[in-house]
Each structure stands twice: as structure tokens, then as C-alpha cells.
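The two complexes that follow have chain A in common; it is paired with chain B in the first and with chain C in the second.
== the complex of A and B ==
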């Protein structure tokens, strides 16, 4: 009964405030100082590893650094695109880190997310400087690794590439939203119990994030298949497919 | 609409002239004060000052409203979430069908506190973004010892956001004119193609960009803006304002 009550109230909120929903990013100022600092400390080693990988690869391939910059611009644009979510009557945004994780690897994808998030925080009030660490962990680290490993595991199981890419996008999105819920709960719960609030926030995200995950999966699948048809050489170069698999 | 300062900068406010490093350090310190404050008054004061400064900067109203729409939406949701779901002191109870809706006074207080914190922190960062040109902000980040590779990626991303955005718009309009978004199935397919085309464009631009940069002497590193020496009055004034704000924070 309590869950129905929560769902009812949350639905009322969504109707009252139907506008653009930016569920992927934790807004500036939500997290108190200690939690903001903690997530920052968690994010920094991943970003540092991404920078280390970038330096290593760009020492061999001089075009790699501009490519990472361009992919950051792509992720920035994708995560700013409003996608109508029919169940919630709102617009939401895909995160795009699933695809960058598949194409450039999770370490570089974390770096791409960190750059896109910083620009969004400074110039769009989308996310924030104080919540940059938390957003990098949810969208960059969890999203990229979830997308990358889902794709790799499904490909090892000989699953069709389009299906593998779909599930990679789907799980990257849902994993990001689950982590965002966790970060939000820890940040705003105050003296309340952790678990009930965590479930309420998860339920609050369901109307947008459940269908959005499917949209993100379809988008990732569409992107990978388009690249496979038009430029399979790029997928071979990125190590997504072997040269024998190219069309 | 362009989100970056250089595209809508109007007027000749002195804030535009202040060294980006001073503004960045000022904003970070103030963010720290806002986040560690447990109450409503200090963030409310910061919001008021920020709004007055935004008015002085003569920002287009549309830019201002767009920038604050997301934080306002999230702040409202959080107030409701805390009001109805967390707390111990019941303020009222309404029986609705078979449900009982309870509003908690301590939940509302906590919700308002978080909402004020969100709006104050957002207004400070927005003010920094409104009053500083992107390249200057990147130079300030490099002065703060942010790794050079990171700032280089920021520069590349910034350079190509507009190019790719224009291209995405052209593809989107072409798809829309051909009923590419007439139903959910076609919409998903069109969106996948649009995103894939953007990645393809990014790879194409990358090849051309690298060739042209190598021809101009690119060796894997981009030189950063040189910092001018600090202006002592700016630094002293900023330190004084932060000291006053810290005093208000303490009382």
C-alpha cells in the first residue's frame, strides 16, 4: 500500500511539474559539503586513469586527443538533446556514455563524461561544479563501465551486435540512474532511514528513466549499426570488432 | 540559443573585466560556504545578491530563465519529496480515497533548506559562467593546476560543439521534414541515425582537424593563454567580500 501511495504522489508531482526533466545529472548544491567532497575523491582516480590512458595512446597516435575532444562534444550534444518521454509527459536526456565506452573504452569514456559535465555545469546549469564528482561517478564511471562490459560480455556470448549494443545502452542508462538515486539518497536523507528514501527516489525516476533507457538502447544500437554499415574500418580501429567481422 | 557568454554578453559591467582566476577562486570558496551552511538565511542572501548582479549584467531574460529552469524544477521536487515523505512532526493529514497524505513540518524545513542551497549554489556558478569567457575560464583552470591534457580536451570539445550542433540541427530538420519522428518506432530509428551520423562527422572532422593542425606545427600540445599579473585591488576587494560573507555565514 505504501508503494502505491508513493507512486501516486510521485505521479502527481510529475504532472504538476511537467517540463524538461534532467534526471541524469545531480543539480548544483543538492549534496552537502562532505558528500560532494567524497564523490569528488571517488571520481578523481578514474579521471586520472583516463588522462594516463589518453597520454599513452596520444603518444602513438597524434590524432587521438582531438578525437577525444570531438567525442566529448558529441556526448555534450547527445546529453543535451530533449527526448520526449510519453509515460511522464516530459522530456529527458540520454547520457551517451554507453556508446563512448564501447567505442573508446571505459577509461577514456570517463574522461569524455568529465569534460562534457564540466562544460554543462559551467554554462548550462546542467549538473554542477560541487556535484561534478558525483555526476562523473554515476554517468562517467558507472555508465561507461556498465555499457562497455555489457557489450563485451554479450559479444563474447556471440549475441548479435545490434542486440548487444541495445543492452549496453540500456544498462548504461539504468546503472547511471540507479547510482544517481544512491548519491541523491545519501546526500539528502538527513536523519531519515536510507532504504525507504532510496526506494522512493528510484520510484520517482521510473516514469522517465525506464522508457529513456530503452531509447538510449535503441540509440546506441542505431549508432553502432550505422558505423558498422558506413565505416566498419573505424570499428576495427577502435577494437570494437575484428577485421574479419567487417562487411 | 548559444549558452556561452561571448554570444550574449552585453553592457560593460566591471565584473566582465575581473581576472577569471579571481572569479573562479571566489566562486569555489563561496560554494564551500553555501554547501557547509545549515540554514536558509545565508543561501537566500546569496541568491538575492546573485540576481541583482545578473540584472546589472543586463542578461537576456530568456537566457536567465533557461539557466534557472532546471534547478528550480529540482528544488520544487525536493521540497515536495521532503515535505511528504520524510519527517516526524506531522503538520496535517488528508484522507484521499484510501490513502492518507501527511505533510511534515521538519521535512518542509529541510526541503526548503536544500532548495535554497541548490538555488544559491546554482546562481553563483551561473554568475561565473555569465561573466567569464570560456577560454579565460580554461586558462584559469590551468592556473589551478588542472592537468593540461584535460584543458586541451575542453578546448577541442568547445571548438566543435557549435559545428556538430549545427550539423545535428540540419540532420534533425531533414528527418523531421520526412516524417522521421511521426511515431515512436520511426523516432527511435531516426534518433539512432542522427546520433550515429554525429559520431561519423566527429571522426571526419578529426581527420581534417589533425591534418590541418599538423600543417600548422601541432606536436600534440596546445599552448595555453598567458596569465596577466594579478591586479591587487581586484584581489583585495574579492578577499574582503569573501571575509564579509564568511562573517555573515558564521552569524
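== the complex of A and C ==
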């Protein structure tokens, strides 16, 4: 089985990273200044609260910081990992904020998404600096909170953890792209009517994001279940499960 | 369904998606659902397309690292800075004991 996994991992890296990187983030200059500024204003309090939470949590246990660093790397890689979608003939990427929202809480997840997006905008031309606020709101804020709340609500309803994590990843992905559609529509519509353009953009995302959301859900579920089996103590420590639920 | 079957199921989905996609571009597009000329990202096919239709064109990035080996240098620099920071804080991270190791870290947001 190990050989199959090794082959699988090598295949994934070879196939995925041998091409150009593709992105969903809103590129530099797409949004007019006033809309870009508005999304900045919306994003900043969430990022600031994330910093506050990180400081507060690290004061209790400093080993939380390397964990946040590790999750930042995970979100950075996942959110610039192009996945070809054969049903649409296009490429897109998952967001990773569903898993970070579940594990670290949505506030810190916003912070790490903001850092990942800033590095991508600065050095990889993946998203723009002027559109950083809009990208933080869609991927960081909406993605993290959607993932976190979906997981919490489903767990409160006594839904199986793997299923709850799957839907958390799925809704985090879809909510991110729905928000991107909203940001794009408000920014570019001019005198056009809002709803027809919003629906047009949202529908254009569906062929790619519908299957990719399912992939992100499966990935999130797999990661949570792996942690649950191998390191349930970490999930207890991060408040994802209670100590009685650990294996 | 047993856990082993789940793993094989997800493995099959991933391999199918990846191989059919790469097959589409590398082998003439014969075994993907859609015979796309390019595997363009949704930034081009959706975001930039609709933006252009409404008169908004993407600008060139402020820092363009897509020149020669510049991107490799950026990764080298990031690795060096990250490695230095991790090494510098290593002792602090390893030796400092948590105040209450059993307390869950986040219960709220």
C-alpha cells in the first residue's frame, strides 16, 4: 500500500506542478479603487482580530505558533495548487481555509490566509496587491467562517466527523467562489443590473468549482480523519473534539 | 464501506482527474471530457473575461518575478529567511512549557 501512496504522491506533484500556475484570486487592477478600498476596510478588522487571537492563544501555549506556521504553509500551497478539471477543461485551485478554519478557528485562519495571499500577490502574481482586501474577504473570511460553522453545526447535529469535515471543505470552497462572484460583480458592473451579472459569473464558475469543491471536501475530510486517527490529542487541544471523543 | 475502500475510491478519483486532464493536453485531448485548447485557469476564463467585457483589464503585477530564474531566487530567499527564523526561535519553541497543556486552545473564534 505504501508503494501505491508513493506513486500517487509523485504522480500528483509531477502532474500538477509541471504546468503553469493558475489562479482564481482577483488580479491586479480588476477592481476599481473605491471597491478595492472597501474590501480592504472590511478585511482589516478580521486580520487584526486574528493577530489578537494568535497572541492570546500563544500566551497559553507557545507550541501553537509552529502549528500556525505549518497551517500557513498548507494554505499557501493548497491555494496556489492548480488542479485540472476535465469536465470543464479549465484549472482552478482549492482554498484550504475550510481545514484551517476547523483546526485553528476562523479568526487565526483569516490571518494565515491573509499572509498566504500577501506572499502570493507579492511574488507569484497570484492575485493583486490592490485586490488583496477582496481576496482576503472571499478566501480568508468567508471560507474560514463557512468551514468553521458548517463543521460546528453538523457536529452539533451528531453528524459523523468525516461527513461534517467533507461538507465544511465543500461549503468553504463554494462560499469563497460565490463571494468572489459578488466582489467581481459589484466592482465591474458599472451601470449594468446587479443580479443578472452576478448569476452569470456565478454560473460560469460552476463547471470548475462544482467538482473542485467535492475534491476539497474529500481532502478536508481526509486530513481531519487522519489527524483523528493518528493525533487525536491535537484535535482535543485545538478544541475540535472533546477528550471523551478521542480514540 | 470500509476505510480501505474509501481510500481506494478517493485515489481513483484523483488519478482519474489528473490523468484525464494531463492526457487532454499532452496526448491530443482524446481522453478528457472536454477537448480544451488550453487548461486555462478560471482567472482567465471567468474573472478576466467578464472584467474585460465591462472595461476592466488586469494590470501587470507590481513585482514581476516571472523573469529568468528570479522566481527561484525568491524561493531561495524565502527558504533562507524562514529557516533562519525557525532556527533562531527553535530553543524557545522547544523548551518553553505550556501553562496548561490539557486546556483546549480555542473554544470560540
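The rule is simple: the second predicted complex is superposed on the first by the 223 of 247 C-alpha atoms of A that agree within 3 Å, B and C clash if a C-alpha of one lies under 4 Å from a C-alpha of the other, contacts with A are read in each partner's own complex, and residues count from 1 in each chain.
We take it that a contact is a pair of C-beta atoms (placed from the backbone, for glycine too) under 8 Å apart; a residue touches a chain by one contact, two chains touch by 3 or more.
The structure presented is a predicted model; accordingly, all values stated were derived computationally and were not measured.
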Clash or fit, chain B versus chain C on superposed chain A: clash
Contacts of A:215 with chain B and chain C, given as first, second, both or neither: both
A:31 touches, of chain B and chain C: first, second, both or neither? both
Touched partner set for A:200, first chain B, second chain C, both or neither: both
Contacts of A:223 with chain B and chain C, given as first, second, both or neither: first
Which superposed partner A:159 touches (first chain B, second chain C, both, neither): neither
Touched partner set for A:107, first chain B, second chain C, both or neither: second
Which superposed partner A:190 touches (first chain B, second chain C, both, neither): both
Which superposed partner A:53 touches (first chain B, second chain C, both, neither): second
First (chain B), second (chain C), both or neither touched by A:180: second
Contact residues of chain A, present in both the chain B and the chain C interface: 4, 8, 19, 21-22, 27-32, 62-63, 65-66, 69, 83, 86, 119, 121-125, 128-129, 188-190, 192, 197, 200-201, 204, 215, 218, 222
Residue ranges of chain C touching chain A (in the complex, touch as defined): 10-11, 13-15, 17-22, 24-25, 32-36, 39-51, 54-66, 71, 74, 78, 86, 92-93, 96, 98-109
Of chain A, residues touching chain C in the complex: 4, 8, 11-12, 15-16, 19, 21-32, 49, 53, 57, 60-66, 69, 82-92, 104-108, 119, 121-125, 128-129, 148, 180, 184, 187-190, 192, 197, 200-201, 204-205, 208-209, 211, 215, 218, 222, 236-239
Touch list for chain B against partner chain A, complex: 3-5, 27-28, 31-32, 34-36, 43, 67-71, 73-78, 80-82, 84-87, 98-101, 110, 114, 117-122, 125-126, 128-129, 134, 137, 147, 149-150, 152-161, 163-165, 168, 184, 188-189, 191-193, 195-200, 202-203, 205-207, 209-210, 213-214, 218-220
Residues of chain A defined as touching chain B within the complex: 1, 4-6, 8-9, 13, 17, 19-22, 27-33, 36, 47, 51, 54-55, 58-59, 62-63, 65-74, 76-78, 81, 83, 86, 96, 99, 103, 111-112, 114-116, 118-119, 121-126, 128-130, 188-190, 192, 196-197, 200-201, 204, 215, 218-227, 230-231, 234
